[in-house]
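To keep things simple, chains are lettered A, B, C and D as they appear, and every chain counts its residues starting from 1.
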Amino acid sequence: MIEQVVGVVTQMALVLFLSPLIAGFIRTLKARLQTRRGPSVLQPYRDLYKLWRKGMVIPETASWIFTATPYVLFATTLLAGLLIPAISAQAPLSLFGGVLAVVYLLALGRFFLALGGLDTGSSFGGLGSSREMTISAIAEPALMLAVFTVALGAGSTNLSVVAQSALGQSWRFLAPSQMLAFAALFIALIAETGRIPVDNPATHLELTMIHEAMILEYSGPYLGLIEWSAAMKQLVLMALLVNVFFPFGLSSDWSPTAILISLLWFSAKLLVLAAAVVLVETTNAKLRLFRVPELLAVAFVLSAMALISTFLF
Amino acid sequence: MLLPTILIVPLAAGALSFVARRRRLMESVNLVAFAALFILAVALVGQVLRAGVISGWNGFLHADSLSALVVLLTAFVGLVCSIYAVGYFREDERNQVFEGGSAGAIAGSTLRKYYALTPLFVFSMLLVALADNLGVMWVALEATTLTSVFLVTFYGRATSLEAAWKYAIIGGVGLSMALLGTILTYYSAHNILATETLASLNWSVLVTHAAQFDKTTMKLAFILILLGYGTKAGVAPMHTWKPDAYSEAPVPAAAILSSATLNCALYGLVRFYVLASRCLDGNYPGRLLLLFGVLSMGISVPFVLIQRNFRRLLAYHTIDHAGIMVTALGVGGPLGAFGLTLHMTFHTVAKSLLFLCAGTVFQHFRTDLFGKIKGGAIRLLPFAGTVFFMATLAIVGTPPFSLFQSEFVILRAAFTAGHYVSAVLFVVFGVGIFAGAVLHVGGLVLGPSEPGPVAPWYPWRDSAVLLSTAVLVVMGFWLPTPMFDLVRSAAGIVSGAQ
Amino acid sequence: MAGLLAYALGMAAGLAGYAWKRTGAWFPKLLCFLSLTGALLELAASLGALFSRSELAWSLSSGIPYLTYSVRLDPLSAYFVLALSLLAAAASVYSFDYIPRSLPGDSSGVFSFFLNLLLLSLTLVFTASSVLFFLIAWELMTVSAYFLVVFHHESEESRKGGLLYLLMSRGGSGMMLIGFLLLAVGAGSLDFTALHGIGQTLTPSFGAAAFLLLFLGFGVKAGIIPLHIWLPAAHPVAPSNISALMSGIVIKAGIYGMARVFFDFYGALPVWAGMSVLVIGIVSALLGVLYALMEHDLKRLLAYHSIENIGIILMGFGAALLFRSFGYPKLAALALVAGLFHALNHAVFKCLLFLSAGGVLQAAHTRNMEQMGGLIRRMPSTALFFLVGAIAISGLPPLNGFVSEWLTYQALLSGYGATPTLTRLAFPVAGALLALTAALAAACFVKAFGITFLALPRGEEAAKAREVSFSMRSAMAALALVCVLLGLGAAWFLPVFDPIIQQVLGFAVSPNLVAGNGLILTAGSLRSGSVSTAVMAVLLMLLGAMPLLGWLVWGRKSTRAAGPAWDCGLPGLTAENEYTATAFSKPLRMIFAALFRPRREIQAEFEVSPYYPKAIRFESEIEPTFEKHVYDPLRHSVLAAASWMRRIQTGSIHAYLTYIFVTLVLLLLFGVRG
Amino acid sequence: MIFWQDPQFGNRLITMMAALVLVLQILMVAQRSIVGNIRGFGIQSFLLASIAATIAYFNHATQVYIVAALTLVFKAIVLPLILEQLVERIQIRQEIEPFLNAPLSVIVSGLLTLVAYIVAESLHRPEQGTAQTSLGHNTLAVALALFLIGFFMMLNRRKALTQILGLLSLENGLFLAAISLTYGMPLLIELGITFDLLVAVLVLGVLVYRIRETFDSMDVSKLSRLRG
């Protein structure tokens, strides 16, 4: 029982306070690769702090949906973060919802975010919501199928079980099915977190922006909450990826030492993955909106092949 | 003494209204006669249920439950139509449709044609049902044609002449085929019975010896009978006179033609079917009947799907139902027979009702073309319009109306007897008929109506409609026990269980 | 059964009211009250039957052969009666004010006559236990629904929709009729109890034929693709409380029939059967939601979603059939529960959505979403209830839609491990497509809710819309509450399925599916996956409260002002700047262009140069694939054949005589020796 | 015994007359004038009447005499008179325009006779070879032929009146069948049938008259306004 509480608290803290760091790391690394100096790694913390203290402007056209959205987004993302194994193979709340719950919680958040975008009445909001819902919709089957492939391997949708079975048989990630599924999930991750080549988080150009367009009217603490949730979502998905496929160093209990070691492992894996993301971002240009489906189709095919190969091997 | 009375009443009524001068007199004579006739018919049913078979005029007249059923249905239709006719022809006078305009005298002489001929028409149908002798039955059936020809020409339009001519000629040919069939039956029986007396053509006598008849002759006879009485019943491909005659005759007459006369023709067919299935095995007549039944169902579909005139639409419905009943007879067995008699009962009520509603609509809009009526009958004729739609749903076999149940019985019989193809075709054609009927009648009844006063309650016509509507609805859920027994024992006679 | 009586009373009263024209305002209220009583009584009866595990049967034989008025409330029936009575209660409460407001005065009598007839016949459909009686009840349901659909029969659209509905239903019932009779050939009797498991005793060909016929026959009513085209035509044109009932429960009659046939009359079916059901389910779900996305008629959109959800239900059924034919009863139970539960859930939230859409219609006087907007301020509670329904139907946690979709996923996933052959691949693919469907549904309802309720009103009607009356709101509230309860209390609700599964597969299911003393929902076992909507809901509350606390503690001093939204520097933000429904669904229209074949035309009027247009008219429409490529050719060929056939009635008596003559000669030549 | 008491001789006589009737029928098919047709029908009926009489004489079946007398009176005398009167009253061209020309019609009639014989053949029962059955099966063929050819006349001719004639000769076929197969139906039936026939002719006559009035043409192939 006490262990449960420790686990929940630790993981909550982890998700809350590690996520901006990852975002910052990605930003800095990207700048460096583009031979810019770039902001400090801690810049996201500063941004959040600043936003938190700023006043905010609510559009007159907006209704309570606009106000509720940040809270819902925050809550769903954080809860999703509690359902996944981060540093311990035993995800604290995995009993209350497996991988399906994670995906659908994120979907709930997105649902409200899109509504918030429409609520402002400005055409950017609608544009953003439309594109966001479209892309997430066509990203869904690839994501799910890849997730299924993993789940089928473990014979469960409970992420703890999945992680433990992965632990049980290490080097499993070398199996072709795992590699393919990983590739598919990686593309899905890029789409979900809105990074190049699907979306450019840094742009405010109406032709290209998706996520930014939705939250264009948000300001102050609300904007802060949304940015933070975005960072958390990124962390959650990356954690899911690394821990399901490369379960090295996942501690099996919540003793301090174990936590410490696995925390190191965890951050190391995250950094590697982040580096990979950055690599993709810097080496690719953003795709036209109607090219994105092709990318995601590739992802779907990959995961389908992953499925078939589990059937074969 | 009951049987002769049943025959005399309409005869007398006919004669009376022939000499009658005033319209009221003719109307009342008809009303009284048919009311009396209905009571007598009910009495007959009672006696038959008690005594089984009753006969009169030393065996010349003979009534078993099948005849009783036909008599009852005929009397019912006659009653309803006589009530309706009063209102109908008064409306006609108001609309001045008779040649020579509204002049009462001419109208009177024209009306006499109806009021004198209809009772004779009914009389000949009753004789068909009550005559034991197959020859007499044939004569009576011929008489139904002859008496109804002038009902078809009632309005004296060119088209009604044309219709009457087709009706008379085709009917004549058909009945002469039937006569040849009768002669051959007599011949095939002749060697066994070897009597020249009248009794040797009595059905009740023949049926007992049917097993020993000469088989080939019987086959030939049955073919001719099927074609002959099939013509009278409007079974395809002998159905062609039907839509013309029905759409030209005055509506009450058309109602009688389409329900009661159909029953009589089928009655004749059934009598010979019993003989044939006794003589040959049931298969031979069965296959023929199935062929013709399914054919007539199928032939009526396209005409119902594409139809401009709602009285012709109803005529094709009658062809369809003739097909259904013939199929039921062909399926045979106690179950098929039961389906036949049930369907005969239900169809008689529904179809006559349908014609009456159509008549009211026709008189209100002064046309029977769907195209001319933009729709909205339900607003202009709240009662008749509604019942028209309802009865249409009933006639295409929509629950809760009872035709669905009888058709279900027939289908079940067909499936248990293994006639899968016919049964499936039955259902398919049924869907087609349904589509056509609902398409047209729905468009007629529903929809926006052109402005106009809402029709009042027509005392005569609407009460007649109301009467048979009530009967129709009640029969959907519950059949009175004596009625049910009658239908069942009639089915027993059809299936030859004695 | 007292419920039936109440409905009958309602019908009688309706007729009376119709006959006796002048009735006060109390009259429609009385009628609604009658149907409400009926609904409540049935609710009690069904709950009693479900929890007391007692079958109550009652039979009365009529003169007509095979027609026995026999009614049996076994668990399966009781379950559907439960759904029915929930909806009926809500609809009749809703009607208290709906009927007087939106129907011509004297027609309320005949309206509620048909309404009560519909409810009555639905009850009979769910409870009838002999073939003929079932068919009669079925047709009664169809016909009464038809009259309700064409109730505003002055409008061309509703007549066409109703006609299409009636004709296709008749085709369906024709197939059902043959199917049932084929079954009945095997069993001597026509009683449902005698038909139990009859599928095994039939010869394979008969069994297959009967199965297909019944599947398609019921499929017409359920609106499976490609037999669906009547559904979006008929449901929207009906009065809203009727659309709610039709999309909510009438199409479930088809589902009930399938459940009855697949799992009661048939035992283990061959693999192709289950596979075909699964595939049809997938196709219906996917195409349904895709077509829904393209609609901007609010009620048509909802109607297409009914097709989608029917598809999801059929996925459950198909999986159950497959498991059964592979011999995994436990998985079959899981899949069956998923399907049945989704049937109930869909009934509830679809009814909710249609009722609130009805409110919107009453306020905005249009079904076109492009004319709406900003309604959340003028009708807040309607908006809230619609939002609840939207979240539920999008399958988002923690509401009931999520639970049943979760169960479906779990069933499909465990199918992979269980089934040996190559068919196993079908399951995860089905799951992935289900995911796609759900995501698209979410997108669609973002559009529906956002365009309808949020931002600025696009039409002056919408601008002066008013909140609907109390009774209508309370009906929606009740259904919304049921959505929440079924979502959070799913684990507590599951035991309801025990008697059903007991009846079908012979064991109780809830012990495997419920853990953590009714808090956690599992897929067969804790290990194979579990979820707890209740805990999730609580946690969401807490976590959502966290930033609020933070706000209260630190964020006090930060100001909170209201200002105009960014309008690209134009003078003021107007409704013209808003994103439209058409624009919202544009990306998907482009992506799935192969399916939609969109046609667009743009006309620009300009004075000086094409760069300064005065007005731009953009119109775009998608191609109705099935109507264009399947049904129109069919209709045309049938009509052509008919008009060709009609030539035989030439009008020439000589031709007529020739027909007879030829027939005679042929029969003489070939008949006699026959 | 003397030949006029020998039933065999009687049968020969009857078959011969039946053959004559058939020939007459075929001649009527070829015949082009209406009046000629009517006369032909008259003779045919007369022959039938004499057949009836012969049968009555050789088989001592007294009631068949009455039948013969009836036929003589009605069919051979009354009906032709009525018809000719009708022809007088509605002055129509004496021509018959058949759909098929004369030679073709005759060929068809020949074929129909063949059909009739085939059918009659299948009814032949040599094993029970009483005089009557053999006679029956000969005359039955002729009767069927008359029937079919009469039918063919009805559908081959345009004029209303000629259709009536077709119907009548068709009825003659029936009569031949009745009289020769079974020595006549029971008397009452015969009466009924004859009476019916008379009424039918009257009814049809009235119709013809009114058609003539309304359409001022006798061509019933023009009566084709009711279709579909």
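Keep this in mind: contacts are C-beta pairs under 8 Å (C-beta built on N, C-alpha and C of every residue); 3 or more make two chains touch, one makes a residue touch a chain.
Computed from a predicted structure; not experimentally measured.
Engineer: Give the chains in contact with both chain C and chain D, ordered by label.
Structural biologist: Chains in contact with chain C as well as chain D: B.
Engineer: Please list the single chain whose C-alpha centre lies closest to the global protein C-alpha centre.
Structural biologist: The most central chain, going by mean C-alpha position, is C.
Engineer: Report the inter-centroid distance (CA atoms only) between chain A and chain D in whole Å.
Structural biologist: 101
Engineer: Express in whole angstrom the distance between the two chain centres, defined as the mean CA positions of chain B and chain C.
Structural biologist: Each chain reduced to its C-alpha mean, chain B and chain C end up 45 Å apart.
Engineer: From the mean C-alpha coordinate of chain A to that of chain C, what's the distance rounded to whole Å?
Structural biologist: Chain A and chain C have C-alpha centres separated by 35 Å.
Engineer: In whole angstrom, how far does the Cα centroid of chain A sit from the Cα centroid of chain B?
Structural biologist: Roughly 79 Å separates the two chain centres.
Engineer: I need the residues of chain D touching at least two other chains; which ones are they?
Structural biologist: Residues 119, 122-123, 151, 154, 163, 220, 223-226, 228 of chain D each touch two or more of the other chains.
Engineer: What are the residue numbers in chain A that touch two or more other chains?
Structural biologist: None at all.
Engineer: Can you tell me which residues of chain B touch two or more of the remaining chains?
Structural biologist: 165-166, 169, 173, 216, 220, 243, 303, 306, in rising order.
Engineer: What chain-chain pairs meet the touch criterion?
Structural biologist: A-C, B-C, B-D, C-D
Engineer: For chain D, which residues count as touching chain B in their complex?
Structural biologist: 61, 63, 119, 122-123, 125, 128, 133, 136, 147, 151, 154, 160, 163, 167, 170-171, 173-174, 177-178, 181-189, 192-193, 195-196, 199-200, 203-204, 207, 210-211, 214-215, 220, 223-226, 228
Engineer: Which stretch or stretches of chain C touch chain D in the complex?
Structural biologist: Contacts found on chain C: 646, 649-654, 657-658, 661, 664-665, 668-669, 672-673.
Engineer: Provide the residue numbers of chain B that touch chain C in the complex, in ascending order.
Structural biologist: Touching chain C: residues 165-166, 169-170, 173-174, 177, 216, 219-220, 223, 227, 231, 237-238, 240-241, 243, 284, 287-288, 299, 301-303, 305-306, 335, 338, 342, 378, 393, 398-400, 402, 404-405, 408-409, 411-412, 415-416, 423-424, 427-428, 430-431, 434-435, 438-439, 442-443, 446-448, 477-481, 483-484 of chain B.
Engineer: Can you list the residues on chain B that touch chain D in the complex?
Structural biologist: Its residues touching chain D are 133, 135-136, 138-139, 142-143, 146, 149-150, 153, 156, 158-159, 161-166, 168-169, 172-173, 176, 179-180, 183-184, 186-187, 190-191, 196-198, 200-201, 214, 216-217, 220, 243-244, 247-248, 303, 306-308, 312.
Engineer: Any idea which chain A residues touch chain C in the complex?
Structural biologist: Residues 52-65, 70-72, 74-76, 78-79, 82, 93, 95-98, 100-101, 103-105, 107-108, 110-111, 114-115, 118-127, 129-131, 133-134, 136-138, 140-145, 148-149, 151-152, 155-158, 161, 216-217, 220-221, 225, 289-290, 293, 300, 303-304, 307-308, 311 of chain A touch chain C in their complex.
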